[in-house]
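One structure, as structure tokens, below. Some questions next.
Chains: A, B, C, D, E and F, in written order; residue numbering restarts at 1 for each.
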């Protein structure tokens, strides 16, 4: 009944390739089915003004999509400015990644995570968070190898997965054909078995608490699988 | 233990005054404690291009804050463009209100709901949704009285309330002193006993599923109270 | 013959309510008939760069209109940037208020006066100046009570009123139905019986020096009445 | 006592050279002392949307300054957008020129008057209005010669002059050294012996009605002289 | 003597992988040494307004760089708008590709070529032209297979290569270490043995006609090699 | 066969009038036929941030066109921002002028050259470079006279001329009627008999190396003539 033939609780095939660009301190290309996101982490020894002399680190994120990452070409944001949707997504990525960082251990420096969607088929913000954590971890490993950071500021991986109600059923990891039909869908960000962010929206629909519980169950399963892949990629 | 002395499950005093401006088709001033939002609804017989000749109506929202609505003056958005936060809020308000509208019954017209924060003390987006629904309902009543709309497109009120974890406890309806301290907080939008939107974020923290459940319980209680006030205001 | 039935030299009913917001150092809601403007004054201990270490104070103003303050909804300036008209008005308000300030007595600090039109029915810039002075005065009184300012930098109130030629007659304080018909109209800003600013424009019309004199007579009468109301509001 | 040695009621030497560019339908270079403005008029057979099928013509103006027209170089507006001051000036020029146009006689077409300051020494907006009228007249003469306009829509010239209070004295036609010192100054736009616009501002000062009268006397004298020069230039 | 050890007339290793994204009508990933550019071609049945009903086709290009494509992170253009450099490059790419298109044969449709730099090491605009032609050709092949285009509008490949004077010697295909040192460098675009565009710039240096001739010789050699690779990729 | 009747190797009549504005440190009005450009040079004792404390000087340029410099009125860039074409031109002017400057001899200061096109008939960027050098030289002479610069940082004039292929023939110094027809045209910037910049573009056409050689011959002839005029203007 799912267009892809997947089970309701079955994720798409996910792969994470690291070290894909020569310049960035950390990088990976994450593929969640046909959604491909290039994530890079840049270490910047300067922090934003409000953190100067605080001893605390910062992690922030930016998100973009190549114009033809989608089925029909989108106008290039460099020509038109970032849309509200783009800003909302990059605020979510940054907030999610920061929830998994010990900012004292990171020390007074900033890491900027860029998530650029090369090809989109639903779930780009979740792939960005999951892949963004890998890029971030690789950059931190470089800092630790150099002795610039002593205690690891990243304990558990941060991962995210979408869930929604498609054709009346709770399903895990919506692809674009499902996403464009689902009246209810959202994203769950977790770390170490705990929740960081829940965003569950309905467009022209509603959902019950029982359905919300079912979606949370699916999300826990999906994030557990992603976490294993993340740990494999950075070890 | 709450700065205001309220119980953990106790909302601030809420009042909704209707008919507060002479020009708008629907309007109210909603006060949730010291958070005051002026909501107006404007009927526009033109719909956005993607709905032309569809027979379907549309509801959209815009949100703003007066520069000195806050404790320290904020830069005027008219000079700087809408921030990502503002755009995110107004997208949420519009999506939430649309979830409670029968767009066929509304007919091919648009209603624009403007939510302008006169004074802010936490919870402005929730007050905007709750008050915005009242302004919307009043505008629809005007359309029905004129015979332009026959069947009421608004059945159940849409209302929203914030919840969060403050000082380790789940609390209802955070004011600004709580909001600025809480590591976990979010908003619940509901209609007719069902969920429309859940946005629960952690900044530098996490939360368990048990806490999530406790917050959902609080939200259901708060929304039920708001719904009674909304119904009183529009009858 | 005036749409409102007023005499040619009769102002609309004016009220000034002070202390209307909890955050601002000075505030009032001025109502000139159906024109309602919320004025707030914010004390900022930093001055603009060109005044650093000069010992001189500064007063500046910003002006805005809620989108549905008018009969038909206007596009939100936060989305489109301030129009030339808005910038012209806020420059006038700032210049007018500064003319009534002893900038040495104020000391090296800035006061920002925000004038936001809640409901518009003609004469919003004059109401902003008149109400803006009240908010400014209240903020200065706070500075004097705290001992931060010793000698009062605000001696006489600054007030403004519109005049114009409507249906061939010189009239005082145009409301919107008159303003949209009048070929000649303008604003007079005064303090202590002297002029600060005269702006008298014709659109597709002209006026004689005799008419100009008649308009000045009306303005003097109107400003005298406003001044009494201002003094009442701040004492 | 004037820096230039002029009498208080003495204008600078004014010259108006016509036909200075090969492309524009009307053009002149007006020199008011060291203030040099290039004015061009462009005929556009399309009118703004609000005039479509009205049978009425329109005249509008744009104003600019070359970056090094002034004593110290100003930032190029093409890089930064038009300032509030620029917009205010071009609105004044357009409004002033329209007051002297019979829009029925002009017919449904638009004339755009561009006023670009090549060299500035005070009074650029007045020179723009006075020279702008000449360019406009020349373009209209072309339309009449071609038989596209039958009855002359421009009867009396529109001219403008600045006045102010410098060193305690009312003076005519301020140059930059006077303008930057004067606490009170403004512009008078007239046509056919009648007023179109009065803008008299004080910055940190005030002025009496008697002074206002004196300034009006000076303006009438100056405009009469400019009108003769305009008529000479276009005949 | 070249940092890479290459001969003065030796290009970097070039590879062109086609069909790299699922959505675009034509696509390739071109790698010129460490410079990697993703090129996609989008067919749009609408043409720009100036070509409506002309029967002529159009090809245009846009260019971007991921923020961390470079050694130090660049600010994201979506946040700041396209730089002058970016606009200059995308104008060059579009002009170059159009020179190799029979616009009558293409028919009244537009093809948009997006060139996004994934990793930069000098020569990104040349790689964009060379790879952009491949993406364009693949899209055209799709149109021909569908019978929408009958006669091939692309006869000879368009290719581009950089040349410059490095350490006093004329060299082919500068990489970033050379490019940042060279006082003279530029780009040559060719098709079918003819020149389309020559852009040879000196920064703080000059060059003789004899050197110009030497650079042209190198360019001809490089373009011939690229052309073979392009033909291989699209056959 | 050329619309103007000129020989293929014949430039338009060129004149350079210096000292045309009272404020700028150097200025000229260059007329190349009907193309008229006002060039001013402004000395700024501050350098861009990347040159602070380097001891090196900087020369930069800005370019603009009055809206009615052209046959049909163009939209004012102050209202719309600088086009890609404008930015490309001003980058070329700055780069060209810098190639003729000894930046050590200039000392740590910046000279800004503004080139504003009063009337356009083809070749505005070349006229800007040629006239810009004259304005620059005059400003430098002022610095040398004041003893602020000891050794002349400008040895040979920098001049530029356009060439192209019109009606199958290589021609020198295209005017607008030729420029709008030519499939191949470009600009050559030279100093002291050497090349600084070659930009030769084809739009929907190509050219051979033999033609390129012919164009270079023409450019050398043209630049030699311009150089004599420049030297005459500044001596």
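One rule holds in what follows: a residue touches a chain if its C-beta (ideal position, glycine included) is under 8 Å from a C-beta of that chain, and two chains touch if they have at least 3 such contacts.
It should be emphasised that the depicted structure is a prediction, and the values quoted were computed from it without experimental measurement.
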- Message: Please report the minimal path length, in steps, between subunit B and subunit D on the chain touch graph.
- Response: 2
- Looking at the contacts, which chains touch subunit B and subunit C alike? none
- Hopping only between chains that touch, the fewest steps from subunit B to subunit F number 3
- Query: Equivalent interface to B-C, which of A-B, E-F or A-E, with over half of contact pairs matching by residue number?
  - Reply: A-E
- Note on the structure: So the chain most remote from subunit C by C-alpha centre is E
- Query: Just how much do you need to spin subunit A so its Cα atoms sit on those of subunit D, in degrees to the nearest 5?
  - Reply: 180
- CA centroid of subunit A to CA centroid of subunit F, Å: 51
- Item | CA centroid of subunit C to CA centroid of subunit D, Å | 28
- Task: Starting from the mean Cα coordinates of subunit D and subunit F, work out the distance between those two points in Å.
- Result: 33
- Where in subunit D do residues touch two or more other chains at once? 82
- When the cyclic arrangement of chains is written out from subunit A toward subunit E, what order is obtained? A, E, F, D, C, B
- Item | Of subunit F, residues touching subunit D in the complex | 21-24, 27, 34, 38, 40, 42, 44, 62, 64, 66-71, 73, 76-79, 81-82, 86, 112, 114, 116, 118-119, 121
- Message: So in the complex, the part of subunit D that touches subunit C is made up of which residues?
- Response: 82, 84-85, 87-88, 91, 95, 98-99, 103, 186, 191-192, 194-209, 212, 216
